[in-house]
Amino acid sequence: MAELIVISTLNGVLFGMLLFLLSSGLTVIFSMMGVLNFAHASFYMLGAFFGYQLTRWIGFWPALVLAPLLVGAVGMAVERYGLRNTHKHGHVAELLLTFGLAYAIEEIVSMVWGKSPMDYRIPAALDFPAFTVFSTNYPAYKIFMLVVSVTIFVALLIALKRTRVGLIVQAALTHPSMVGHLGHNVGRVFMLVFGVGSALAGLAGVIAGPSLVTQSDMAGLLGPILFVVIVFGGLGSLPGAFIASLLIGLIQTFAVALNGSLASLFGPLDPGLGPSPLTDIWNVTVAQIAPILPYLLLVLVLIFRPMGLLGTRES
Amino acid sequence: MLEVRNLHAYYGKSHILQGVDLDIAAGEVVSLLGRNGVGRSTTVKAIMGEVPPQGTIRFKGQDIAGLPSYRIARLGLGYVPEHRDIFPSLTVRQNLILGIKDPRRPGKWRLENMLDMFPNLARRADTPAGVLSGGEKQMLTTCRTLLGDPQLMMIDEPTEGLAPLIVQQVGELIATIAKAGVAILLVEQKLSIAMKISNRVYIMGHGRVVFEGTPDQLKSNAAIREEWLEV
Amino acid sequence: QETVKIGYIDPLSGGGASVGEGGLKTFQYLADELNAKGGVLGHKVEIVPLDNKTNPQESLVQAQKAVDAGIRYITQGNGSSVGAALEDFVTKNNSRNPGKELLYFNYAAVDPSLTNEKCSYWHFRWDASSDIKMEALTNYMKDQPSIKKVYLINQDYSFGQSVRSDARKMLAAKRPDVQIVGDELHPLLKITDFSPYIAKIKASGADSVVTGNWGQDIALLLKAAADAGLKVNWYTYYAGGAGGPTAIKQTGLDHQVYQITEGIPNSGNKAAMDFEKDFRAKVNLSLWYPRAVNEMRMFKAAAEKANSIDPVKVAAALEGMKFDVLDGGEGFMRADDHQFFQPIYISSFGTLADKAKEPFDEENTGWGWHLVSKIDTANAMVPTTCKMKRP
Amino acid sequence: MSNAASPAPAVTKEEPGGALSFYGVWLIAAAALVVLPLIFSSGGSLTSFSLIGIAIIFALSYNILLGQTGLLSFGHAVQYGLGGFLAVHMMNAVASHNWPIPLPAIPLIGGIGGLAFALLVGWVMTKRAGTVFAMISLGIGELVASSSLILRSVFGGESGITTDRTALMPLFGWTFGPQLQVYYLIAFWVLISAIAMYALTRTPLGRICNAVRDNPERVEFIGYDPHVVRYLAYGFAGFFAGIAGGLTAINFEIANSAYLGATQSGFVLFAAFIGGTAYFFGPILGAILVTYLQLGLTNVTSVSLLYFGIIFIGIVMFAPGGIAGLLMKHRPLIRAGSLGMVIPSYLVAAIPTLAFALGAILTIETVARYSGGEGEGSTINLLGIPFVATAPATWAAAAFLLVGGYLVARLTWLRVAEAWDRAATVARDRGYLA
Amino acid sequence: MTAAIEVKAVDKSFGNVGIIRDLNLSVAKGERHAIIGPNGAGKSTTFNLISGHIKPTSGEIRLNGDVISGLRPFEINRRGLSRSFQVTNVFARMTVWENVRCGVLWATGHRYAFWKNVDNLPEVKQRTARILDDIHLSHRRDVPAGLLTYAEQRELEIGITIAGGASVIMLDEPTAGMSHAETDRAVALIRRLTEGRTLVIVEHDMSVVFGLADRISVLVYGNIIASGTPDEIRGNPKVKEAYLGEEID
């Protein structure tokens, strides 16, 4: 039992940190620009594929730097030539633009790289078990992911505190021309923010690629849960996203680790009952409902605390 | 310092400004008067690049017509728009911070001075600016623009919706600013204020300037007042 | 001569896309092969890809599209959930639109119910149903004394559930001493990280894992096991899927991962191995679906036997038909339920002792599938409850 | 989030001509629905028409939320799917008990299912609008979709629940086996649902929905509780979505969990927005286009999703009011009689634009064939002209069309803008344009 | 006779900042009552409190004798109190006609009806048309409200406010931003439209205030420092000091 708890905690933290790496960029974009970027997970995927390709050409470490920059550049182009013109038509238009973009990116990726998983490997320098708990190995690579996530978190926090970028963007949401009159180049700031957000997604892709699958459907798998993370944590709150990522990582991991069901708690139902929703509910294990939990959490949070865990505003 | 020649501007197809000429020297307080809808706000907006201008606009000798507004602002032209445009979700302090163009090179106005000068704002420094009363918002926008250290400030209808007493205070504030060496272009309805603090006044009608002179000249020219100002 | 179109209804986007794409390439290769030899009764064979996103309802849209386009044959494999919907569709379609019958060639949806309670005259299955495979697998496991604690992990849908319940039932019968220390069902093609499951397997103290997982669900499962250094024996249906071999090699599980299939690359059968070689060279994939080869070749044979490409006649010809399968040996299409019976192979993945005899490795790992046990057609039979309604 | 759609005037203009033209439109629609399958009688068109009909109801129901009330929902498929499931269960029950309920009544059951669920969850969901609502709807959508996999006795797990529509009692000799009969059943429901939803927009509730969309705060001060308004709108949207779900269940004779999921919810959002949420008929156009693309694109290209994405990006960027918005922009010009001033410039612009589009298609297809490994000799059939994917001539043609088309198109579109300006001025002068 | 509005010992603080302190105010039925005071004194806040937009921290508010503090805005509106906003607050995408009609619907008893055709409600139609006439916007009836000029929007704002036929009308700076001519027109309009009703108005334009009001209350720092007829207020030195300053031309 102790073993399972320790290992699940570690796994939960690791998964949570991956979620954070992904959602940090989305938080930055969503909270600052109000854009529900449905293509965020696609940028993550691009990061993974760029990372894979560059790793083959120039090695992992240069790829780690270059791929996020490339993705960031793609993001900036998207902002400059797409979102900027759409902004005035409201958030739904922006959202649909990114929706369409997500489709296009998925197809382009599968056009270029095919639909099968890539053989994207962990760099040799990190391919060893960092430590062993209860005979379970913890690969150095996962620790590396953890370190990167925390570094990003701290760096972003500092950057947001130190610079006025956040204020500028937020102000520009309501009165863009006034921000311009105060001497700020709103267009460039927006492009930068979107670029940084995308680059963060790209970074998550480069890093997660070797550890999970690098495949043309990888965006779809993680997409929706990111929204859970940032809404749950509170829009606009980076620490909120951090905590929410951790929490969701832990909850999902522990839910899987648990074996309980109502049946195991109260004994099986009368077998004569036949299949019914009651028997379904009775027999379902906590592990089976693990994938639902984040959404349950999301709905509850929004009902009882619409600004999210650490958020300060509702929308 | 500011030199506007033959300025035209359109909203869609409607020709609003039909050749406006204006001059403002350094340190001068100039008022732009006129009835509702003659295009005073449009003139200022055209200078700031918010409405596409046609014609010549020179600021400190540099042609600024058609530049993006952030470039114009960085040259030292401050603008307080008609509808105040405070950032409602940001706090008062954050609103002010955004007025500072470059935190590494502070100008002659400091955040602390501003809060000292306006205890009303200081008290509300950490509330979202959206809930300020109308008068407080006006003070906030003016201070915000001042923090950008402009050499020329264009203020559009600063006294709209203000209590009589505050109107006087705003008048005094503008005078203070002017004393600090900032040139001012004031767009006003309230003749009394404009007359009191301006060095010169312009009167607009039908999209162009129809009178230019000192307040005293205007005072003595009842015909002009009647034709272009009164109703 | 009009072409014979075969609608290929399988995922070409979404979580199942990698498997679906592999299947598509296989069928296109096979169509080319037939066409190179003059097609079917002189008709050119064409594969029409129809993306169903692993979704039953979408499959029906695609099937209907196929029907509307005049297509009379469809083939599908990825997902028994889809298979059930398609079988139902085909049955209804054929009874409502006589003269426009549609045949459904199933190459991989192995839920037993498709040839039992749900069976249909218009459905033919070339893959061995999951109970056949489990029968074979447990027969092998029965003789492995090292197996003491078994963990079951499967996808939460009809196929995964049948693997799980058959495994329980058959192990209990054949090896009552074996303990089932875990029995997990997880959502189909939705898990990104299997580490929590691996932790659970580890904590259970299992020495063997039985899983029917396929697609990314097996690749990610094995990958998570590799990361955590979980060393157990794996008894699988589809560990050879993309990404699986790499993960196994990474964990260093030399000949500890078993797979049950109707054919293996290193079968030793000359014709099959030549085929494999050519296939790999042209398609750049290992042959995952030897049954697809049987399906297409047998289709040709049946059409020739019926001397027609009319589905009704082809169906009649297929019933009870005997056929020499790719990897050698004879199989036959049982008329009672339209399940094809053929020799079944259990193989393990690891170092290949004799590169000359076993030339094929997987995913450039240097490791390959090694034959462990072969079950002849006669021993790979299971009864059926099908009450076939014939037209 | 509340400034959901484009700022174009809403469905508010009172039609001149009154009742006659009002009934006229619906009569024409009814007649068109009747004769459509007689003109296009192939199996393919019947299938498409049926799906389009369902999509129309679904998209219109969605627009009760997005266009009329300003609620952006990411989970509209929940009501649609639950309606479908209820319909399937009902059909099975009717068949096994031999109840005297004919098939055409089943969609109503679906509607009731959608309504019931909407009313159940709607109250908490509609407390707030904006992002909070959007996110709750996303959460509820995922929650219901995933839960449906667990409650397999009701939802049938991954494979879903099947039914047989012909097992119900026949009506006037119709068994509803053949697709044609199903088509007419759907057409019937499309017509009455559309009329009902249109009528809804012209009721006091419908108008107050618009008010809530524009300014929920102000609504409170004219005596209305915006929460109640949103709730009612949510209920109606759920009801009609349920009808659409019921029809889908009849059409496919299956309901499975994917019905309830994000893909369906995204589909309907797309359809409504692309069509144009500011006009009642917008979502109808959107439903037609999106369904058609979904069915048709995969037949002609292997990279349909890419075109899908590009088309949507294009519409969002260049016609943010959707197709309806684009069309309606011309109405004042027509009234002012100045449309003729822009038509020639359109025709001129059409040619290079088409060339550009062809260039883009050729490029995409070439790349797709190349990377798809089809390489040698595979041909791209474009407007009847075969292009060999690997031939340098093809690449040159593609590049020429793409670049040349773009450059020329840009110039011609500038001229369109000028022509527009002139035409709009005329319209403004004649008082048809604000 | 009970007062139309009765505010008793109301306090309101945001966080720990007290904005309204022990506010007492009584407006008689049929009276035209102006509230003036420096910017930030809490006039709009007082409006928000009375109309239910925000809830008082303590104290009690009565409308026609009934306690309304704590009720939601729509409940208060249904009891016969209607207000306008300092910032323009119309339904931007709906036409002028629709805007006014929305104001009419509840009061004419159509509520959430989804079984009636709005265009076939003669009473609603007449009333809407009359109000449009009154606010001089009939010629603009089919223009989306968002496209109106500022002054027109302000007039529409008043139209929506009175559309429901409430007995108590509260207007927050209705003439702000208008020119003299427009202001005069608006004042005449307000005078006519509120005939026989109770009016509470906030204004900074003293010509409007003194021209319109029967009584004036002066609010400073959340507290009424003086209340009386226009003449009394004009002569009150405290008011001069806190609000009017030296008389301007």
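Annotations for the structure displayed:
Read from first to last, the chains carry the letters A, B, C, D and E; within each, the first residue is number 1.
One rule holds for everything that comes next: a contact is a pair of C-beta atoms (placed from the backbone, for glycine too) under 8 Å apart; a residue touches a chain by one contact, two chains touch by 3 or more.
By chain, UniProt protein names: A, D = Branched-chain amino acid ABC transporter permease; B, E = ABC transporter ATP-binding protein.
Worth saying up front: this structure is predicted, and the values here are computed from it rather than measured.
Within the contact network of the assembly, the step distance from subunit C to subunit D comes to 1.
In this assembly, the chain whose C-alpha centre lies farthest from subunit E is C.
When chain centres are defined as mean Cα coordinates, B lies farthest from subunit D. Ranking A-D and B-E by contacting C-beta pairs places A-D first.
Work out the mean CA point of subunit B and of subunit E, and you get 31 Å between them. Once the centre of each chain is set as its mean CA position, subunit D and subunit E turn out to be 43 Å apart. Work out the mean CA point of subunit B and of subunit D, and you get 49 Å between them. The centroid of the Cα atoms in subunit A and the matching centroid in subunit C are 34 Å apart. Looking at subunit B, one finds that none of its residues touch two or more other chains. Across the assembly, subunit C contributes residues 13, 156, 187 that each touch 2 or more other chains. Residue positions 106, 114, 288, 291 of subunit A each touch two or more of the other chains. Taken together, the subunit C residues at the contact with subunit A in this complex read 12-15, 17-18, 20-22, 156, 184-187, 190-193, 195-197, 199-200, 202-203, 216, 219-220, 223, 227-230, 242-243, 246, 363-364.
Residue ranges on subunit D touching subunit A, taken from their complex, read 1, 3-6, 66, 72, 124, 127-128, 130-132, 134-136, 138-140, 142-143, 146-147, 150-154, 262, 266, 269-270, 273, 303-306, 308-313, 316-317, 320, 367-368, 371-372. Residues 13, 49-51, 53, 55-58, 60-61, 64-65, 67-69, 79-82, 84-85, 88-89, 92, 96-97, 156-158, 187-188, 284 of subunit C are the ones that touch subunit D when the two sit in their complex. Within the complex, the subunit B residues that touch subunit E are 35-37, 120, 123-124, 127, 131-136, 138, 160-168, 189, 192, 231. On the subunit A side of its complex with subunit B, the touching residues are 164, 167-168, 170-171, 173-175, 177-186, 313.
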